[in-house]
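Supplied in structure tokens, the structure appears directly below.
Chain nomenclature is as follows: A, B, C and D, assigned in order of appearance, with residue numbering initiated at 1 for each chain independently.
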Amino acid sequence: MSVRTLRIDGRDVASGEGTTVLEAARDAGVAIPTLCHLEGLSPVAACRLCLVEIEGSNKLQPACITPVSEGMVVHTATPRLREIRRTVIELLFTEGNHVCAVCVANGHCELQDRAVDVGMDHARLPYRFPDRPVDLSHQRFGLDHNRCILCSRCVRVCDEVEGAHVWDMAWRGEHCRIIAGLDQPWGAVDACTDCGKCVMVCPTGALFHKGDSVAEKHEDPSRLAALLQARRARQEAP
Amino acid sequence: MSQPAKLRLATVWLAGCSGCHMSFLDLDEWLIELAPQIEMVFSPIASDIKTYPEAVDVALVEGGVGTSENLDLIRQVRRRSRLLVSFGDCAVTANVPGLRNPLAGPAAVLDRSYLELADGSARWPHAPGLVPELLERVLPVHELVPVDLFLPGCPPPAERIRAVLEALLRGEQPQMEGAEMIRFG
Amino acid sequence: MPVPTKPESFMALEAVLLRHHRSPDSLIEILHQSQNLYSYLSDPLLRHVATRLKLPLSRVKGTASFYHLFRFQPPARHRCVVCTGTACQIQGASALIEAMEESLGLQMGDRRGDGWVSLSEVRCLGTCSDAPLVLIDGTVGRQQSSDGLRRWLQELEP
Amino acid sequence: MNGLRCCASAGCLARGSGALIGALETAISRAELGDRIQLRPVGCLGPCSQGPLLALDPDGDLYAGVGPQDAETLVAALARRLHQGSDQATPLEWAPARGERLDLRAPFFQRQRRIVLEHCGLIDPTDLEQAIAVGAYGQLERVLQGWSPERVLTELQRSGLRGRGGAGYPTGLKWATVARMPGARKVVVCNADEGDPGAFMDRAVLEGDPHRVLEGMAIAAYAVGADHGFIYIRAEYALAIERLRLAIDQAVRRGRLGPALFGTGFGFSVELRVGAGAYVCGEETALIASIEGKRGTPRPRPPYPAERGVGGKPTLINNVETLANVAPILREGADWFAAIGTAGSAGTKVFSLTGHVRRGGLVEVPMGTSLTTVVLEMGEGAPEGSAVKAVQTGGPSGGCVPADRLDTPLDYESLQALGTIMGSGGMVVLDQSTDMVALAAYFMAFCREESCGKCVPCRAGTVQLHGLLERILAGSASRADLDQLETLGAMVMDTSLCGLGQSAPKPMLSTLRYFRGDYLARLEAP
């Protein structure tokens, strides 16, 4: 594998061909915020949080899918990008009903963490207060659409890793919603294997274990990468 | 910022659970340090004055704006205060009181609370002039009047409140960044 | 045609499925034909399509719900549509919507509970020289006035 | 022999041209003149606002506002003239009861240069033989029998043709890129998802001369090495769909589409895919997803469709009007085409002229023609008692040109400099009665509703922008709201995943640029 040298925020970085700017930056100790991205799942570049500036291009590029190239000069935290990220987070907070104080994921929520990262002390945009349902039909898990940021991690993990494809995105635009089966109660969908991977990868408290109370959801989405690695190792073993 | 001899401090309680005020009381012995540096001119926990006074330096406003009374008061607070602080998540985001907003207006909220969920004697509270009317929605303070500083948290931890007050007493702008200072919830 | 609920009742769809080699690529074409045959995409129908195409249920519903022309409940007996293309918009579409809403007692996008009438909008019929346009049960009303529209609506069969 | 060409496009049909055709048929057969008067339903004849339109051959006259009640008198007048032994020498003494004979010396006709529409309105689009008689598939035959793919690519690149769907990407370059891609199986897609409200150029071409588009697709397939094609058309265009289905069927049976065309080894098949009501499917990657039977959500590029498109195959996507230009360019030569229009924008452009304009319809003019010419001369300006305030081009991705800038030439760069785009060719004239803030809110509502919901800035940003515009309309917005509108608009443009979000704020920003006063007047007193 040939090596590409580039500069990220003034640091010289050497990365293998095919590496993404996001991976290269993380290897170099530069944190670029993400939400829809999760190692082990196909990238969708939908949340736009990881947009970076690349010299010579007037368009912002999502670090999660942009491959490194020789001589590339990347800026990940310019004032313009900071402002964009804060707005993205504000857009997410205002389009749902994110009430951290009464959320199972309080204290262990990626959205909450990103809000701190981007310096969001309040939303400059008005809250929308949409009317969204909660699905408690599954025996072990629950889905609170109020807390869903439509990152589609659950859709991808169920399809790409578990192979059950219980979830999909339905409707469109502001009416987008995660559905199980034919937009049925989750508990009524035969395809679900109750594996809980969707709960594990959910960045917020939208998918949770029933019985968890406020701040009791302690999932670690990065476990997915470890799980996939173990699976690969086993497949490759003689 | 020129420092007045004593900071005229007010705390205001709108649509919230008073938890932010309780957190303020959690400042414990530091309150004793604070006392000589301020004049508490209006507060549900430290004063009997019912009318919001003029020329307040700093107002800590807990709660969202959910009733006609809240709305009148916050407008008065804005007019009469130099620095208005949204104090806690309800003031900053509408938070728990805002959970009623997806329901279609006050009638639906009253039906749900006083009729559907009632154990007995189900009826709407009705006392014109005594019980203030619910607004269409509970809103964060800054969606109605300009806010100078946001102090999130449910409740904001006592340390966070102290850091803000200390900065203000020094005549500095509090640095609202990092998980210690601006985490919601 | 009454809407069947059992899989074996969707025989009329077999020819369509065969013509498209039961290919998932043809899902949207097949949904069009399904809706033409059975007037709307009921859950049993969607389940049948999913089974025959070997697609996950959520994939089928997720796709169908993305497109505004697919219906998930029986169409109303009378379908009233206002064109809200740009040419119609600047020449009075809003007034026509008001007249429709008032005359029918419906909000834009609604269908009356008894299935008598529905009110929707379309983004440009492409015959803009006749703006503003309405479409009632497939008949185009061109250079439509609010008064004319109200009279037309009064004539709808109950 | 006399010919009657009656417009049977959607516009005139809605005005009753179907009944007119029926009445004419009856009248002709009753007069037993079937062998002396040929009646043909044809595609768009131009001034749609005056339909139903009827053209008389060989006179070349065009009648407006003709109704079924005119059939008897018209046939009688023709019969009289034929009886006098002449089919043309004397002008026909006839006029429709409620219509008129149009003055073809008017700028509306004189200023046009019809290349894309050269046969639109001349032939019966449901009759392949008529199309072949005027040369359809002739260029395909010549290409297949004597041209190398490279020669086609070179000719097209030299012509300077740019994509007519909106962005104006050089067509020859796009073709060459796909041609270079490895892979034996490539795909050609015709984007007929004409979704801009107020635009109907592609509908008119497909309804009036569908074979020209199929011929363009086949030539493209030969040049890039594709063997299969899709036409993705919006479901709202029922008549165009019907005509296309028929055209594909006829072309296959007549050996103009299918395997081993014109005795060569080249084969090309075409499939029709009908959309289901999603504007975003006009975006290339969303269109591909939709052709593949999926949700029409765009994906990031690269990979570009040229590398990985339908079914993962290298894919060429061109808009209807672009493809309709191909045969004439190769027939007349790149130099001929490049000499029409301007240096940077060669050829002609078809516009649908609508809104507050006296004479609306379909026009094709050389690139570089000024808006003054199109709107004030050809369209004859705003209706009596009003004046043009602005012209909207490019639909929800475009902007407004204010009245004092109508001298702007219609080419890609000039329009871009004004903050709008050529777009696909929708041209909506706005008079003084138009509320520009309401117009901006209208386009934002459109984008809000058509957002696919995948990326955050477009999904949630258009909702917030629309909310802010509604607040301004309601008179309850402050100066700070206006600032926020502009800041958020810029953010949505900079960060959205696809063209829909990236251009959604344009109509708003354009009206802010030229009609800021309309906004300021609505702000709450501070």
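Simple rule for what comes next: a residue touches a chain if its C-beta (ideal position, glycine included) is under 8 Å from a C-beta of that chain, and two chains touch if they have at least 3 such contacts.
Source: prediction; values computed, not measured.
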{"item": "Mutual neighbours - chains that touch subunit A and subunit B alike", "value": "none"}
{"item": "Chain located farthest away, centre of subunit D as origin (C-alpha)", "value": "B"}
{"item": "Rounded Å distance, subunit A centre to subunit D centre (Cα mean)", "value": "40"}
{"item": "Chain centre separation in whole Å, for subunit C relative to subunit B (CA means)", "value": "49"}
{"item": "Mean-CA-position distance for subunit D and subunit B (Å)", "value": "58"}
{"item": "Subunit C and subunit D, separation of their C-alpha mean positions in angstrom", "value": "25"}
{"item": "Contacts with two or more other chains, residues of subunit A listed in rising order", "value": "126, 169, 171-172"}
{"item": "Shared-contact residues (touching 2 or more other chains) in subunit D", "value": "278, 295, 450, 452"}
{"item": "Residues of subunit C touching at least two other chains", "value": "62, 66"}
{"item": "All chain pairs that touch each other", "value": "A-B, A-C, A-D, C-D"}
{"item": "Residue ranges of subunit C in contact with subunit A within the complex", "value": "43, 46-47, 56-62, 65-66"}
{"item": "Partner subunit A, residues of subunit D touching it in the complex", "value": "278, 295, 299-300, 448-457, 459-464, 467, 484, 488, 491, 494-497"}
{"item": "Residue ranges of subunit A in contact with subunit C within the complex", "value": "159, 164-172, 179-184, 189, 191"}
{"item": "Residue numbers on subunit C that touch subunit D, as the complex places them", "value": "23-29, 31-32, 62-63, 66-70, 84-87, 89-91, 122-131, 140, 142"}
{"item": "Contact footprint of subunit D on subunit A as seen in their complex", "value": "44-48, 51, 60, 62, 65, 83-84, 87-88, 91-92, 94-95, 124-126, 128, 150, 169, 171-176"}
